[in-house]
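Starting off with a structure, shown below.
Think of it as A, B and C in the order they're written, each chain with its own count starting at 1.
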Amino acid sequence: MKRYVSRRVGYCLLSLFLLSLTIFFFVRVTGDPATLLVEPGASEADIAAMHHQFGLDKPLWVQYGIFLASLAHGDLGKSFYYRTPVMELYLSRLPNSLYLATVAMAFSLIIGIPTGVLASVRVGRFWDRAGKIFTLLGLSLPSFWVGLVLILVFSVYLGWLPSSGAGTPLHLIMPAFALGWYFAAAHMRLTRSSMLEVLGSEYVKLARLKGLPQSLVIAKHAFKNALIPVLTLAGINLVIMVNVATVVEVVFAWPGIGRLLYEGITFRDFPVVQGVVLMGGAMIVIVNLVVDILYAVIDPRIRLGV
Amino acid sequence: MAIQTEIIGLPPRSRSRLAALRFGDFPLIPVLILGCIALVAIFANLLAPHNPEIGSLAARFKPPFWQTGGSTKYLLGTDQLGRDVLSRLIFGARVSMIVGFTAVIFAGVIGTTLGIISGYLGGWVDQVIMRLTDSWLALPGLTFAIFLAAIVGPSMWNIVIILAVTYWTRYARVIRGEVLSLKEREFVRLAIVAGCSKWTIMQRHILPNVINSAIVLGTLMLGVVIITEATLSFLGIGVPPPQAAWGLMLSDGKQSLMVGRWWLSVLPGCCIMLMVLSANILGDWLRVKLDPQLRQL
Amino acid sequence: MSSSIPSSVSYEPTGQRLPVKTGPLLELENLSTHYVSSGGTRVVRAVDQVSLRINAGETLGIVGESGSGKSTLALTILRVLPPAARIVEGRMLFDGEDLVQKSDAEMRHIRGKRIAMILQDPMASLNPLFTIGDQVAEPIRVHEGAGRATAWQRARDLLKSVRIPSPETRVTQYPHEMSGGMRQRIVGAIGISCEPRLLIADEPTTSLDLTIQAQYLNLLRELQRAHGLALIFITHNLGIVAKMCDQLAVMYAGRVVESGPVSRIFNAPVHPYTEALLNSIPRMGDSAQRLTAIEGQPPDLAALPRGCAFAPRCDRVFDRCRVEAPPEFAPAGRRTARCWLAAADSTPSDMLVQSGTA
């Protein structure tokens, strides 16, 4: 197990490194980075000063070194608009996004897993076909449109739910639904195919041959095995959710990091944009690592070192 | 001794016509929808009743013709600048089609080429390309696209390039996997023994065999690309105004949502949905037809 | 000792005599299982008009190539068929009750408890996420309602009876921590855990090393004697049949082409397929002789030829074989042969009065 963990940690670090390299590369390569790094509306003299201050006249690899060094210190620069360190801004908004994503994830799992199991157990019949339609809709309807329709129905016409902001659980319902919708379909699809694979396995066959009731076969033998890939995906999806929640947060004016990214874009606040993207990527890589380790805990084959 | 052939209790097979249209058999409706959208996009100039980019402020916020206050002059109503919604939808189709198809084709070409090179040549080339795709895949496509769009600024062709750059990695991974298994096949080995150069082999032998996967992947990516483009436009970093793009219309429409001007949001959203849904259904059907092995996609 | 016990009585392991209906423990009459494709177009006759009989305490070997229907037959008996398969005709009388007519709930009480089955690949048969103890104790808890402590104690005893060393530590371990031979013994332990009357073993030694195979077969023998089990042994290996089985049934293309006592069939096979199988076993001392293989390929079960299924490959074929499929003949005693060659010295079995001529 130790070897497994250390290998995974190694991959994680490598990915983080490559991520920073990619971001750095794109910023420096697409035109004059000074225009990005400088506040909008600065003069020629300011830009020249910026060149010097950001070391843009130094060789590329030195710049990267400086960049990496500041990243290692958790310094993501300062927001032009808010005049506060980006990291601070990010961390203050992150809990909101996590909150939203967690609820959306719970929703997607509560809907996705049972329907996936049902679709797999009743292949070809009603639940399976309903499931297929559900998957299709889930993957085809953009989350922000779902959000807009929800607002139209529940805020404008029915007046039941508030259309923006955060604060009460009522504020949470629609954004969580809009965000979780796509993932519910993805989880349903994966649960179904995973269950089907497990249901065809030899140990499930033996379980039936032992005379176990069908419900026990499914619930105990099939389900736990089938759940492994689903939970893996769910863990990674949680962080992805946090990142792609941008549109939902904009539609519902939810004060999370997605909204922060939007503000960064709208106000041409480049440090914020870069910071959010970097942190987003870093979170995904780290969560991948955590999920891999959890894998080892659930699956005794890895834990006891096959 | 006669053999009984009575089959005990087969379940009745209920196949509704609709289901047959959707799954398994040729997906007629989705293809028709996509075809219509394509035609509309091509003949936009002829079909649109009004100029999509210029409107008259006197005719702002008119609802669709079947509601009170609407007129047949502006069939689907007007937006906050008095521009005809129907015309904007029509020209938006053009944007979605162009962006969608071009981006998918670009991404496909880049991704397939790199996938073939990476898979076939192996060694450090493979490692480099794979590490690259890994790190790019670490970020969700949307975030990456947003980041790039924020850097380069909005324009339709920028968006196409950004989408291609974001999504080629999906192709590369899958194609590389296929190439790895193809490498072991007889006809490739024969070609090597016959003295063909690496490039010839990749072009003549490998490429035709992975085209199928590339096409299926293309149809599946079309939906994703269109949604990403709409999202970028919605956030204001996609196709720039005053051009008509469905995502942009959604963003404009959002402001008037609270006062019940539903047609500004729902109609463009429906268009996006129809196009993506059709592309996905078509992609699913192609996937099953062309290569059952691709079911893992 | 076993020869002096009348076949109509069986002993429970506790040593009490239980009166049991006379007659075979399991009797299959004209059993057919077909796979129907979803379009209804292709019908694969996996098991076709199979009639077999096994008495309590006996060992019946079922031999055939892959695709001959042996595994499907086993799954049919326990009614654990995939959805595409249907029992099309026939009866399966187990202790006098027809298993074909039983409901799912009733079958569930039979599976694992009165009839048990061992599968071929022990690594795949055991659920990797649960401990050995859990999996052995499971049928005991389900069928007998035993509590956890009791069931686990029984599990430990069972592991001991299948000769697994230090069962106390093993019960908390996972399948991947065991060797192949141990895993197969564990599967065996699961099989006998609720003391069934009949155990079906589907190629249990095929995935074991040769050195382990003999040990395992001995173990099965012992368990059989100790528990008074009837054993159906499915294999493609005639050597194992010779060693383990009393009765033999040879299957080809889903049908039983020959059946009867092992020694008599080995000495004087009737069906050409059986003869060819026996001839294809290489023997020590047969110097400079090529291995005699059976020519041709097994038939496609969805498109069986008219007439006898073996006719294309038979070296004693004549015209009638190609035109008309032979019924089952009963040449003598408890033997049957589905071949026109047997017609001369016997009457077809469906003309015989059903009077249990054993």
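Rule of thumb we're sticking to: contacts are C-beta pairs under 8 Å (C-beta built on N, C-alpha and C of every residue); 3 or more make two chains touch, one makes a residue touch a chain.
The shown structure was predicted, so the numbers you read here are calculated from the model rather than taken from an experiment.
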> If every chain is reduced to the average of its C-alpha atoms, which one ends up farthest from chain B?
Replying inline: C
> Comparing A-C against A-B, which pair counts more contacting C-beta pairs?
Replying inline: A-B
>> Distance between chain B and chain C based on Cα centroids, please, to the nearest Å.
In response: 55
> Just how far, in Å, is the C-alpha centre of chain B from the one of chain A?
Replying inline: 22
>> For chain A versus chain C, what separation do you get between their C-alpha means, in angstrom?
In response: 53
> Okay, in this complex, where on chain B does chain A touch?
Replying inline: 19, 23, 131-132, 134-136, 138-140, 142-144, 146-148, 150-152, 223, 227, 230-231, 234-237, 250, 253-254, 257-260, 262, 265-266, 269, 272-273, 276-277, 280-281, 284
>> Which residues of chain C touch chain A once you look at their complex with the stated criterion?
In response: 78, 80, 104, 108-113, 116-117, 119, 121, 124-130, 138-139, 142-143, 174, 176-177, 187, 190
> In the complex of these two chains, what residues of chain A are touching chain C?
Replying inline: 201-203, 205-214, 216, 221, 224-225, 298-301, 304, 306
>> Taking the touch rule as given, give the residues of chain A at its contact with chain B in the complex, in rising order.
In response: 14-15, 18-19, 21-23, 26-27, 30-31, 36, 129, 132, 136-137, 139-142, 144-145, 148-149, 151-152, 155-157, 163, 240, 243-244, 246-247, 250-251, 261-262, 264-266, 270, 273-274, 277, 280-281, 284-285, 288
